[in-house]
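Encoded as structure tokens, here's the structure I'll be asking about.
Labels for the chains are A, B, C and D, by order of writing; each one numbers its residues from 1.
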Amino acid sequence: MYAAELVGVTKRFGPVLANDGIDLAVARGEVHAVVGENGAGKSTLMSILYGLHRPDAGEVRRDGNRIVLRSPTDAIRHGLGMVHQRFRLFPGLTVAENIVIGAEPVRNGRLDRAAANEAVAALSERYGLRADPSALVGGLPVGVRQRVEILRALYRDAEVLILDEPTAVLTPGETDRLFEVLRTVAATGVSILLVTHKLSEVLAVGDRVTVLRQGRVTGRFTASETDADELVNAMIGRSLTPPVPRRARPPVGDPLLEVRDLTVRDADGVARLSEVSFAVRPGEIVGLAGVAGSGQRELVDSVTGLRGAVPGVFLAGTPVLAGRDPRVAYVPEDRHGRATAPEMSVAENVLMGAQRDLASRWTLPRARVRARARDLVDRFSISAASVDTPIGALSGGNAQKAVLARELTRPSTVVVAEEPTQGVDVGVRERVHALLRTARDEGAAILLQSSELSELRDLADRILVLYEGRVIAEFPGDATETELGRAMTGATG
Amino acid sequence: MSAPALTRRVIASAPVVALVGALGLTTLVMLVVGVDPTLAYPALVRGAVLDGNLEYTIAAFVPTLGMALAFALPLRAGEFNLGGDGQLAMGGVTAAALALLVPLPPGVAVVLPLAAGAVAGGLVAVVAAPLSTRLGIPAIVSTLLISAPAVSLASYLVRFPLAEPNTGIAQTPPLPEAAHLPALGGSGYLTIGLPLIAVLTALWLYADGRTVLGYEIRATGQNREFARYGGVKVDRVAALALAGGGAFAGLAGALIVLGPPHRFVDGALTAPGYTFTAVAAVLLASARPVVVPLTVALLTFLQVGGQGMEREAGVPSQLTQIVQGLIIVIVAVLATLRARRPR
Amino acid sequence: GGENASEAEAPPAKSIILITPNPVGTNSFLQLGVKGAEAAAKELGASFKLYESKDPTSIAQNVDAAVRAKPTVIVGISFSFDDVFNTVPKANPDQQFLQVDSCAKGQAPNLACVSFKEHEAAYLAGVEAGLLSKSGQIGVVAALDTPFIHRWIEPFFAGATSVKPDAEGTPLYVGGSNPFSDPARAKSQAQTLTGRGVDLIAAAASGGNPGVFEAVAASGGKAFGVDVNQCALSPGNVVDNVLKHVDVAENAAIKEIFGGKTGGVKVYGLAEGGVGVNALDDDLASSGCTVAASPDVVAKVKQTRDDIVAGKITVADPLQS
Amino acid sequence: MFEWSFLAGVLTATAPVLLAALGGLLCQVAGVFNIALEGQLLWGAFVAVVVSDLTGSAWTGVVGAVAATVLFSALLSGPSVALRADPIVVAVGLNLLALGLTAFLMRQIFGSGGTYSSPDLAGLPDLGELGVDVPVLRDQSPLVPVALLLVVVMAAWLTRTRSGLRLRAVGQHLDAAQAVGLRVSGYRHGVTLVAGALCGLAGAQLSLGNVTLFSEGMSAGRGWIAVVAVMLSGVRPYRLLLACLLFGVAEAFGFRLQGAGLPQQAADAAPYVITLAALVLAAVARRRRRSYEHA
């Protein structure tokens, strides 16, 4: 008997068939991975299991019994728990409050803080998930926040734990720790459903794997008996083209991007970057690794001019311009917060930065704006109903392609890319990588920040490791993940 | 689009549904309190457009449209300008002061006070920009708070330094003949204010949809971080939008003062409540700029017609305020129902 | 009205339209205006219509609407009509107009005016205040700081100092966004005064007056009402009232116009009986005003009235300064 | 120049603003931006007078005001919570509606516009009459100490109780609250209606406590000041009290300015200028404090 089962689940959003007769079964104590392209229907399926969506057809079973889930409350009652990719935490409440909320201990009509703290401490102890019960969640690092989410589910006695892309925001070290935790939790009999795009993770931590494609199940595998190729085939219906061998020839020419003794302080005078120096030459990709908060954001903002005209950054020999230096193409990691205005049309989103070039004097002819957008949509094979659709209605992968289309067609010789493949499927990822390689081959100087070490190893000629605002190590592009991972935690030499 | 399809779309459009809904509810209110709708509504229409009342409707339409632009322009950049009253009053008093104190040749005597009023209104409004961008005080609050002292200042100026001596009321002396807005046709109320505001509205619509600045303002309003990332100088754009809005308000004030009775009467600018009628009209247009002049016309019609209804049918004109309030609520609801309908 | 049923088919040839600058409500001054015109209409067998304006802009609109209705006379109350009555009567020479409480500058022959010397009555109230104040501190709570309202302030203080030279007067204004009907603010203003030791306050705050009465009631002070007898509004707390017999004067003026005597200005002062205080009236005892309990004060007030009428005392008009 | 009467004046000016602001704060805690306080306050003041006039009992007037304003606030909670309409737009409509409805009904019920007062209209008793002999409170209505007490109650409720915690959670992250199984719209409906009740109290205090009458538009911007106070408070009840008192002091101070010979317009402007100055200072201080914390 399975801990949880989805039987013949179908879900439609207007014309989109997000889930099409899906069967999925999870055994007790099993780590079950769910993979698939962007838009394959993974999140929809998980949302149905957690009562956020109701299926058009099909049913959900727990321990063999049919259950009806009208809301997350029902799901929680049936021992289901979910950890969302975008955390569902209350920044202004403490760790303990975040965990007990919805099932708070009460004494004499008052909230029993002591009991809550104790319960949380006990739970942390049991699963080895350390977190200070009285700390405010708003100030915690991402990894700890995720622990709080997991603790919350466990506190509510979840026997089936759903995690939607849990590692997208984690550093390699945090990811390793998460997997340890998942194994511990699974060992106590909890079933785990893990949605992810990273096949290495699937193979590392999963027991079984279900592959979705266009709303259907296209493969069921046992992790120990399959490999990445087989999974990719099931996901996209073909194999990935093998990575282009790294060029042996070192890049030549004067640096297009040069950073010299860059020190950046925040509004309060605390140094966020200290004496950072490096250069990127034409035809070179320099990778940037580091745990979150090591100064990547400050470095990227300095290089793009968003931090103002900071001394020490030079583009083709001249200081960077304040505001946003138009000589830099920049793919931000925050897709909805920074890279797009979700409610504006695709055309108006890809226009940003080129509006003055497209204008004749003051006017900005609509026909010209649309024509340019259509051209980009075609060239970068972005699937969108029309260039007038709001970009927020596009899938994550297509929105990301639109951002790349906009940035890579700028007349820029320096490219800054921040987590360019976060949350996108392997197909899109392959395409993004190809675009960056092409840009490099055409002579661009590329600074690539990524928390995925495999991505850095695939693309970068050199990898700089940032730690507490300093470049503490530089590796060649083929450095091992162990070497890099050690450096990221500050261990030098 | 075919004619029937167009008709269907107009009939199903939010403002129309809201108007019908609100009129239905209002009729209900009338019946409950014993007012005869068959007397009230014709009186309303007559009061707004017939019997020579149209010129008053137009006279009220001009400043209301000006105030609508004063609210709508900053709104496109994501800033709520609720301080229209202060901008209006300062614009008016500046125009009056200039017309009274500086002897100007004909033509210039009209243009310069109008321009000065616009500048004054813009200055009052732009104060909110750094408060919002630097200190995080939302414009919706700061404009409101700045408005009250600005109205007081205008009132002080009219009461003391600019006051007409030996009169019972706080007002400036009549402005010199040269500063009167040229009238169109025989009526004193139909002035060049109407074509002026119409041209400015058209310019704004054009700028909003078809210029770089309009694009940058909208991008700033939709997602400030996105605009900043894209190289838009968002603080400057926000300040510009607020200043532009304030300038429209200031211009509206100047237009009122240079029109009949050709002087600044304390309270005459703010008492009719142009500011909030305009806010209502813009919200009613639910962020579609082209519709703004129509919604302004509708609300002005109701307001001026309400006076006629009160005179003729004895129905308190406040009834039209009820209609306006209901329309806005209904439009807000319709907007979400529409958004949730599958595309 | 019902008694005009027979005239329903043929509308009455004679009619009066009264236009107010603000909603009438409990504004006693406007109520008097309505009362006078209504009474005149009844006596003359004319029909009566009231147009209430909301703000300065709607005044012109109402006047135009009235002109189109062609009544026998169009009555406008207050100085708010100065501008409109400067132009409209000239443009409509066949239409008769009456302005109450002020007179438009370039007066047309078809515009009659009635105005009042309210400062003379305010002076009398001041005399009462001077005699009755124990602290020697008196005050005024007025709606707004407009020139016209000063006719109630300076003469009030002047009257007080005429009998108590060291009396000190403080005026406070309600202001705010609703000056003519913000009793809450009026009460706060009055409390500010009583807190400083003021024991007699003249209320000239229109709809705010009840707030002033409430404040003096709580502090043990007393107040003066305005325009009509407001003593009953707050029994035991109102000394007297600065009366303005708008109804009487208006009634008379309308009758004159109906009688064919158009144009001209009529000014009502103490001599004409157009303004006054309750202390001068015969029915003082039943008025509910507390001044009735001080016969010596009443006597002094009557004496002062006689001196003013006789020209022995001239009350300065703040509007003429 | 400290005087009891000054303090009493401050309390009187503060009470209705504070009551309305408490409602606004509650909404803010739950993430509902309520700018309909002005209209609700006015509506409450009106109903209080109507009911008190009809029944001759001030307390019945208070109850009527609370009930009627709860109903009125359903016009906000219905569209904005259940139908997800933009609360700002709905509130703008409701403020207009309240203005029109009170003025219209006033003419229908009392036969005239402007101000209505009558000897039949029962006002709230002074605490002095009820035997309270504290100088500042003697001339206040019983709702004034109630307002102050509500600050304490609300502070305790929000931090110490289960529903308080859940309410704060709803306001901080809607999706998260839904995900942990809280009935989000229930809470949001609830606070909007409770805010209506508080505005009803505020209105009753204004029309039956501060004075005993109703006049058109008598809320006169107090609801907007309450909105500003909520923003100043950082959703903390005690800071809200401070913000409202600041306004009360500014208003009472403005009156004194006039007494000291400044023009009436300066007095009118004073509360707004002082409130704005406080907002700016608070914002500047917040920036400073942040830098100390990091140092």
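Following the convention adopted for this analysis, contacts are C-beta pairs under 8 Å (C-beta built on N, C-alpha and C of every residue); 3 or more make two chains touch, one makes a residue touch a chain.
Molecules present, by chain and UniProt name: A = ABC transporter ATP-binding protein; B, D = ABC transporter permease.
Model, not experiment: these values are computed from the prediction.
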item: Chains contacting each of subunit A and subunit C, listed by label; value: B, D
item: Chain of greatest Cα-centre distance to subunit B (ABC transporter permease); value: A
item: Separation of mean Cα positions, subunit D (ABC transporter permease) and subunit A [Å, integer]; value: 45
item: Whole-Å gap between the CA centroids of subunit A and subunit B (ABC transporter permease); value: 46
item: Interchain centroid distance [CA atoms averaged], subunit B (ABC transporter permease)/subunit D (ABC transporter permease), Å; value: 28
item: Intercentroid distance (Cα basis), subunit D (ABC transporter permease) paired with subunit C, Å; value: 36
item: For subunit B (ABC transporter permease), residues contacting two or more additional chains; value: 148, 159
item: Overlap residues in subunit D (ABC transporter permease), where contacts from two or more other chains coincide; value: 113, 221, 263, 265, 268, 287
item: Touching pairs - complete list by chain label; value: A-B, A-D, B-C, B-D, C-D
item: Residue ranges of subunit D (ABC transporter permease) touching subunit B (ABC transporter permease) (in the complex, touch as defined); value: 35, 75, 79-80, 83-86, 88-90, 92-101, 103-105, 107-108, 113, 221, 224, 227-228, 231, 263, 265-266, 268-269, 272-273, 275-276, 279-280, 283-284, 287
item: Subunit C-touching residues of subunit D (ABC transporter permease), taken from the complex the two chains share; value: 3-6, 8-9, 12-13, 112-117, 119, 126, 139, 206, 210-213, 215-218, 220-221, 251-252, 255-256, 258-259, 263-265, 267-268
item: Residues of subunit A that touch subunit D (ABC transporter permease) when the two form their complex; value: 52, 71-73, 76, 82, 84, 87-93, 97, 101-102, 104, 106, 109-111, 152, 266-270
item: Touching residues (chain side subunit D (ABC transporter permease), partner subunit A) in the complex; value: 160-162, 164-166, 168-169, 172-173, 175-183, 287, 290-291, 293-295
item: Footprint of subunit C on subunit B (ABC transporter permease) - complex, ascending; value: 51-53, 56, 59-60, 148, 159, 163, 166-170, 260-261, 263, 265-268, 271-272, 304, 307-308, 310-311, 317
